[in-house]
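Structures given as structure tokens follow.
Shared chain: subunit A. Partners: subunit B in the first complex, subunit C in the second.
Coming up: the complex of A and B.
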């Protein structure tokens, strides 16, 4: 009997819990907060999490493969800053874009190489590369914290673009979600990511190219970060590199983990990202309407993240006998 | 000997190549790379920055170093236990704020401010420890989140109460002294860090909790299975780290008398980089406080130096990121490949020109001429035994032998078809002897000298001797105790074949051929073990002469027998009495007619003899070829040799068929029969000796008739 109850409890997984919580908060906010259910507010909610959601899509690819990419925010801000700096310095569009893309690819490849072939834990590789990317670009390549988009650039047009009153980044988020969903669900390499995340050694033994795929994931997450950075620059008309020191990185992890993508890899998908993004978006919006200061919002968000991790730990407990040595 | 060969001999016998491998196998070599980095960093920045080495400048810059060192010591201990602590940044900030608010807002004494800071550190450390230790959450992500929570809480506190701190008029001499003063030329943070470093080093290396931390970090599963309370140990490491950060926060508060919005920002990456750059392993088990301190100095000198040299925003992060990536990668690669490097360089062969032997070829007419007589031996325990290196019989004619599985097996007289495990010792029991009280004494390979009483109680007699002064590797430990014999006064004379290799690697020792074998004596009167002789090429069998005034021992890789004098004019010296045998000498035992039996574990071959004159070739062989393709001594043919007091060879017996006793490591005469053992054999042989005294029992010969 107990086993049955326990089984039911397990069935009631994190994603569903979060979904229910999200709906509850949504319902409560709709009733008690004035203007919450207005159409433009709902659009604002989705818009506010679009960039975060795109970053979380990239992050989830890495996490499902039992990794983590802590360099995403640095890559996002610094690659776009580099791109805009080159444009402001008079470089042509093509060369600037090629250089920025090359930079992003190089960082992704470096991350992937160190994780896959040098066997260095992903958290340290990406922590170090994030710090390096920020420091290098900030100290060597750009002069100020914020770099503006040059006048008349296509990014400005993109930022103002609306289709049926809905900003363009929402569509981009939607399209990217579908693409990642299709990739994970229907392509061979997409399925392989789950196998590699679930049991890397077994995946390797069955002949899956685990190491090249690891590199690919870090390249993909770096490219996603670049895309998110372009969108940020489009809507804000500049990129502020101080975002690297903000809590954005933790928000990305929060969206992924709270949606139910296990940090131990092998499980999760686009749906979890969407659920996580919805919860965060609604919560942030509600807190903003309630006029809670940013520093309190940070406290609340991080506390929620802690609970998400605790629940994750309870649902996917580590076994003393099978836990990997040095798996921190 | 040609000139070229003499040069070779000097090159390989006088240059201590083996020291490289031994040094590399020391754990302190891990410190070499960080130490080098430390020297280069300090020298580089010290010369680039004017006034870097001025006393005042050092005192001021070391204040910050003391604080960072405290944090790094905490992080090091957590990492040693297999975890990681990123929350130190916000614990540091919150503790600093706690101290500042107690002192300035509540205007309480300094020691209460310290208590508040430590309590804050303890509380946060305990939260981390509970989540990671007891709830077994992932250390990295959990401390990352508690870092953000702490940081958010700190930001709120500073916004709300920061101005009240600045307006306070509270002051105290003690507070100012901790923040500004020096004691014996050192600032308080440096002193604190030094004291804590020494205390935690001693605790980690010399106390039970410290060992538990290292055990958990080294192998969490094994520690758990060994009964160590893993969760509690992990919990305590985080509490310790929290307390360290708390203390550092307090020192910071006294130094700046305030706590601004940026306090402790990025400290976690600084501390983590320091710990890793110093050479502490991620995932635990390998590291030390000294490494952490070295890392702290490197990181701080580098980041502060860059600021003082005027490099702009972001340089710090760039350098830290690079340092962290390089250090982690080097650490991981070194850890992965260290044993490969060690394997590559460890074997360091020496030169030896063996003397020309008398032939043992059948039909050669020499006393060593091999024959086929052992092939008719009866077999005992065929297929049940693995590796009876030595055999012995007791007064009731029962037969004992050791096995590869660490057991001593007893076969029952008279037909030796039934057997039992007499005792389980572990290791690989090799040489055997009975003492006056019918205790079975055994040299146990890889373990030491053991006594098994007739009641089957296993007692360790000795596992170490005095360390020699010039040793790099600890040679006090007995690595390969091989054979023994017992003098009438109860002293046990035994051999330890090699200091360089573990017992099961004896064949590799033959390729290296370095003389590291010892003859030792254990004195039961006071339980001491002394080294009598050292520097032989694989000391092996030991046998008391019939008059008990001297003993024989075998030197296997030189195919020699030596005599060591216990009494008389030559007491305490050894002389080589039989040299250049055609086979590798092994155990020696008494024969009933006043002579001695000796085993050949294998026969010399011209090819291996030649290879001994070419150490460079053997070195290349061990580095480039898989072990299966190495040239080893021939152990497919052995034999038994009988020699007398005047070292004349009386008789040689072998098994040319190679079926029953190809390799002989021991033989024991008992009541007209010879019992034959072989370390790679699957049986004991029983061979009827023509003309031998059918009543002779070695136990009587040693200890007199049974009373």
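Coming up: the complex of A and C.
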């Protein structure tokens, strides 16, 4: 009986479950929380998850190709800290930016090379490179946890920029979402990512340049991390490298995975990131309006996530056909 | 005969001189001091080395400890409670164990047992800045409840009698003593000013982005707010960004607390990012630690037997009362200590 009910819901995949949960929370909050549906608050919700969403876009490119990039938060914070430190030390804009970008590219290439050509599992490579990036930059190149944006720098202007009273991060998140969507959907290399993620061996046999593409994905995720870092610094007028120790990294993976991008690769897209980001953003906003202490917020957040995963497990049971090797 | 006379006069003269200036050649103080202090090891274990307070303490302590011929070392747990515990454990069991251990405790309980063990091993333990459930040889730092009271008074003054009298708090978390005690102090003052009301009190988890997001929501839900207290200058830049974004810089009075470092506090007061900072006066705090170290090492009391609280004098700095010595410069301290 139960099996039949769940059978009818077979189309109800994780993305849709999360979407329904999101809509339910949204509807409930709209009715019961004063000021929740105000335009300002809706903008604030999107803005609060913009940086997280941008990071999740980069992460999802890697995950769809059956990888993971645990160095993203370190790259985000440390590359921007390095950039600002150079500026504060009197370097010219061009040199500082070139050095920071070069640093980001180098880390992306190193991650990609080790995963693609040295065949080291991505989880170890990026875990190590993330620690290395943090440790090296923190101990050798910058003096304090927080590095401020120098006065009069263009990042300050960017941080204060509003178009129709909507902060610039929101637009950048939107534009990047469209770019990643177009890349995944309409370019040859974008489509190849799904093949490579679904079955790397078969993709390689058909002549897809699996390894160079792998390197590209890690470079792209490093670049997205740099962009996210710049936006954070623009808004806060400084970057605090302490964020590397926070649970931001888990939140990034969470946004991707809760939206329905399988860690086993080959599945998902931008839509999943948007759904995941919407759930997190709405949930956090509603709980803040309700003035729920942080400890309870984490409890509620994890309970809802667990609920979504359990429902998904009941509706879409794993079996030999759906399970893949490398499934986490 | 003559010669004997001369010698007798010379001898009595010499005696007389000695009697007039008996101590000129032998102040025993420096010797006692040097004997007690030379070669002593002082170890500082803050929550992390990468922020103004830890770097300020370390710059002053380094100069002072090396000045009396001791060795000064730091460990950097980088905000990890486990790494800090490991650093303390290693210090207790190592061959070159420290004589004085200075700990900035991440919460009330995590290190209590370890610090007790350190005292049993003959190490003096000084708690700095963050209180813990433990009888340290000295607690040196702020009375956080008093600090909360001062913050509340600053925000009441900043809002003024004709304002909405609605206040928002951006707390740190629900485990750190500094957060809990600040809250208690604030509430105590507000209880005496019943017309002032706290309308929202989210946590920032000491993170600037979170502080910005919760403050944005707070300002949208309560656009009439006249003042906000953020529990740490490290994340109050986030609350300030939210206020700036909402175009409410003139309306909302932002109070926070910090160690009074030039670039993190006074500069931000000057440019209007913060309106008031309750400063823990780091330089005085560090000198109190130095005094305690010298006292403990010389008296040789049994570790843990005579606990003392050395609360530093707190001051509320605003743009108007700021003067040349309100803040200290980390750069200058580091140059003085010979730290690159």
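What we mean here is this: the second predicted complex is superposed on the first by the 286 of 328 C-alpha atoms of A that agree within 3 Å, B and C clash if a C-alpha of one lies under 4 Å from a C-alpha of the other, contacts with A are read in each partner's own complex, and residues count from 1 in each chain.
Here is the rule we go by: a residue touches a chain if its C-beta (ideal position, glycine included) is under 8 Å from a C-beta of that chain, and two chains touch if they have at least 3 such contacts.
Values in this document were obtained by computation on a predicted structure and should not be read as measured data.
Asks: Looking at the overlay, does A:291 come into contact with subunit B only (first), subunit C only (second), both, or neither?
Replies: Only subunit C is touched by A:291; subunit B is not.
Asks: Contact-wise, after the overlay, does A:48 reach subunit B, subunit C, both or neither (first, second, both, neither)?
Replies: second
Asks: Figure out whether A:40 sits in contact with subunit B (first) or subunit C (second), or with both, or with neither.
Replies: In the superposition, A:40 contacts subunit C only.
Asks: Could you say whether A:173 touches subunit B, subunit C, both of them, or neither, answering first, second, both or neither?
Replies: It touches nothing on subunit B or subunit C.
Asks: Who wins on subunit A residues touched, subunit B or subunit C?
Replies: Result: the larger residue contact count on subunit A belongs to B.
Asks: Who does A:132 touch here: subunit B (first), subunit C (second), both, or neither?
Replies: It touches subunit B, and subunit C stays clear.
Asks: In the overlaid three-chain picture, which partner chain does A:238 touch, first (subunit B) or second (subunit C), both, or neither?
Replies: second
Asks: A:26 contacts which: subunit B (first), subunit C (second), both, neither?
Replies: It touches nothing on subunit B or subunit C.
Asks: Touch test for A:103: subunit B only (first), subunit C only (second), both, or neither?
Replies: Touch status of A:103: no partner.
Asks: Counting only touches as set out at the top, which of subunit B and subunit C does A:299 meet: first, second, both, neither?
Replies: first
Asks: Enumerate the residues of subunit A that count as touching subunit B in its complex and touching subunit C in the other.
Replies: 138, 245, 295
Asks: Spell out the residues on subunit C that touch subunit A in their complex, using ranges where they run on.
Replies: 48, 50-52, 55, 78-80, 173-174, 200-203, 205-209, 212-214, 216-218, 220-221, 234, 237-238, 241, 244-245, 263-264, 273, 330
Asks: Tell me, which parts of subunit B touch subunit A in their complex?
Replies: Per the stated touch rule, the residues are 82-84, 131, 135-142, 144-146, 148-149, 151-153, 155-156, 159, 219-221, 224, 230, 265, 269, 272, 276, 282-284, 311-322, 324-325, 328-329, 332-333, 336.
Asks: How about subunit A: which of its residues touch subunit C in the complex?
Replies: 34-35, 38, 40-41, 44, 47-48, 51, 138, 143-146, 148, 159-160, 167, 232, 235-238, 240-243, 245-246, 284-285, 288-289, 291, 293-295
Asks: For subunit A, which residues are in contact with subunit B within the complex?
Replies: 114, 118-121, 123-125, 127-140, 245, 247, 250, 253, 257, 263, 295-296, 298-299, 302-303, 305-306, 309-310, 313-314, 317-318, 320-321, 323, 325-328
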